[in-house]
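Step one of this worksheet: look at the structure below.
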């Protein structure tokens, strides 16, 4: 009998992709999808091409718990914590896509807000699978990294013992800004435009600093006229020889099922609608330039959530994702 | 009687915009446009919206010299030098859009090829108007900077005495890759894609190093699915206080007719089809982040060429560009 | 002393383009721009590339009348009529971009709503310049046609004595849907999508039926992932010989300053940010296929409004539009 | 032991999608992919996200026949016929994506060229699955319809006994123009543009006329700035009552696995990278408007080819396509 899973917040882009993946997962049964303002509508009316034949429900933890043994929560930051808490109290294993359980409490409250369920922080595991595989296997609450930190951390992870001062210049597609219709997501604002935003990049840098302890990060996110896709261009000052850099990446990633080390700079289109991360590393003068391309909704959100969930449930890590 | 001007290579994107601007210039008369493979066709058949009612001619320097007193040359690197030489020998003032006269000979031959007219290098002035206005006024041969260096140099110029180690992460629209139909410019390759290329960035860095003597540059160009537009995000390590940085930019640019210092990160769409450069500077931790947005075909090529030409001819710098 | 003009509703796309054109008009002085929710902001902060250095005001007809002798009103349908009425009572000549004064009362109230100022309908002239030039010269209130009817009417006008049953399949860029951020204008909804909407097309057909009395129209509008641009493909059943069709178009349009009859199907990009309409006509079997491409914000709205205003003020028709 | 399949011409867009689908097909083994100019390269280097881990070979029919029992041929018109003939002589079942076996000889030679293998025309079945399912089951050579006719025929098929004079206005994404880099496929030509081409539409109309005998078709194809997707808007003059039209569509399609009758106009994005066709029908006045959206590379080419192949091999029709 397969495990049963619910997606909480399946009307947003990340949750919708999670529902799509899970509805085709060979070892999991998607039993419920919830939404706040779209409850009552069919999921496949909102997202025809994902073909999830379920009606979006209002979220009730007890009700979900009667049908599901685990859940992916895809609520906005702040709204996620209470939902996660309710589901955990019902005994469900949870992967949360928000920032609510990614950071230590002080970091979180500095860059986000007061935490609604700090007592759960100790149990939460940071869900970058390639970095925390063993802990994720044992975890009952996993906080999937943000799309920006996912790309940057994967680009930098093999160099983690050699980092001091790092610049991350990241370019994201518009789905990363969410489904809300705002002036910033209007087609006319986005097309023919490239623009940085929140130049301080604190929220993203906070995840990098926590995971890559000791280094400092300058992180600037940019919006580009792309639907799905994220490229992180990382500039690392280091004294490593080029051959050593190459070795570090090969060793770190040669057995990773979702990471491709490639000889040319990766395009986001190379990984669109896949859970893969393509990484290219090149030494130019005194700098290592590490480029990582992901689909922000897949490896940057829903795909990675399923990768984590597979591990938490003792399933093969790649199941449902190939 | 107005000065008369020709555009050599007006079938390419940069030359076409130059022809468009010059055909509406109040103090200049556009008397000839040339092309190599498209000679014989009407310019306004190739570019209807630019409405230049001239037939593209084969280039003959003598013939051009009978009608024009100055020229904008918009040939590819390498092809430009002989054309520029021929026009100069006929006495025309020339603005060249290629790299052929931008760099000292050794730099040029290192990153490009053997130089076809090195004897002219001594006369050529680097045409970044904001940096070399007085020399441009006296020049008879101006080498307009590349679109990438234009944005990066304008972003960094006020800090020129305080630069040591600089990262430039630049994002360009596809018109910067030229009108040749190649796999890289195919719509299907470009849309839904963001990709770095030529990660070493040597050609662009060479212009920066020459102009900003003493600093070192890591320069990575990226292609984004945009027609016209270029954003340079520059990361500068410096010990300047934020207020001093602000002062340097204000002093450098407050009287510049084409530069806007803005409080928010500029979008390339803000400057599309204008000769303007919008610059935003922000200090985050130990780094200054300087962002400059231009239209790669205007301030990054044809617009700047006309700005230079205005100075060379003793005309108001902004004429035909507002 | 130049005439003075105000743009009412200059924060929307159509009004913003009107402000941009009028701020550069050689014989008109733009003295005021108004907005509803954006009042107090600078116009060039909302639309940097249009470079209109005015602060958006709240609309007060009396106040506007002290400074302006004419106005372009760019309010939504229904909101326009009261503003137009107030301005007319102050004596201003008005071009209105909404549907409020385009249709006879019964047609308007059938497809829109109760009319707020029906007493003005008798004075209003339908502002398709090519069709009503003489009346527009004498008018004090002109109702600029919608962008869809503009393209379709220009495509069909030379055949007006020969029309019976016409299909119009029209494709519009997203700026035609206005500046409101809605699910339908979200970048993620628009990109990689082509979709018909309001398949009955009644509002657009109503303008066609009124102008092209006696013919029936099937009109289907489509949204395409383009910022500005509109193509109307018109299918006309007729027994005219091809040569006669050609003659009718040549006679109708050979002296029109903004209409280009072209030998190939026009692209919307050929007319982007111009007031031009490019028309191609071809007979295939028993059908005439007439294609018209315009910029929906220029010839389809603001450009045509200025063309009309020029006539109303006794200025050359093309002034400020070339 | 599964059937073995080869894709001939897998470097083009249609062939690449076929290879991608077939490499994941549960009952077929993809044993070879061929290419002309790209032979020797890895398929997953050309198309990383399709993840087909095969090297592109030069086409040799004998060699393919040793490994494969069936083939999808994705060569251009004219080049396909000899390849199909060679494969058929080796005994392979073939689905051909070109026009070479779609039309009766005289129609083909009128709109294309002299036929290279007319002796095979008698055996070829037109591969619109929904129309010719039973013949396809028995066929050894199937000619998959073009992407334009697929959408138009599916939109019109239920009305086939009631058609006389039909207008089809079709909008296609750029992948339909193929992988060749041409001025027409350059990003700068395509973006911000909508344009009709080959306004006579003869090649597409020829397929419609053959399949929908007795009706006449006006067919105008348009290019829109979309990667994958095709929308056919069909205008049918008929005296059928709306309820009867609804019944005809429901009866025709209620059991079709890949066709969705929908209440709103379909967007191409609803079917992107699926084998589905979404159809909406609406009666407006005297006209039926039938809209069909497909992915031009899936239901319009490779997906339909696999659907046909499944039938030819006695497999479930939807296998590998859900």
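Lettered A, B, C and D in written order, each chain numbered from 1.
To be clear about the criterion, a residue touches a chain if its C-beta (ideal position, glycine included) is under 8 Å from a C-beta of that chain, and two chains touch if they have at least 3 such contacts.
Predicted model, so just to flag it, every value in this text is computed and none were measured.
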Which pair wins on C-beta contacts, C-D or B-C? C-D
Between 0 and 180 degrees, and as a multiple of 5, what angle does the rotation take that fits chain A onto chain B by Cα atoms? 180
Would you mind checking which chain's C-alpha centre is most distant from the centre of chain A? C
CA centroid of chain C to CA centroid of chain D, Å: 39
Determine the centre-to-centre distance between chain A and chain C, using the mean Cα coordinates as centres, and give it in whole Å. 46
With chain centres defined as C-alpha means, what is the inter-centre distance between chain B and chain C in Å? 37
Do you know which chain D residues sit against two or more other chains? 189, 191-192, 225, 227, 269, 272
Which residues, counting only chain B, touch chain D once they are in their complex? 13, 174-175, 179, 181-183, 185-192, 225, 227
Considering only the defined contacts, which chain C positions touch chain B in the complex? 48-49, 51, 191-192, 260, 266, 269-274, 276, 278
Parts of chain A lying in touch with chain B, wherever the complex brings them together: 165, 167, 169, 171, 173, 189, 192-197, 199-201, 216, 218, 220, 222, 224-229, 231, 233, 235, 237, 265-269, 272, 280, 282, 284-287, 289, 291, 293
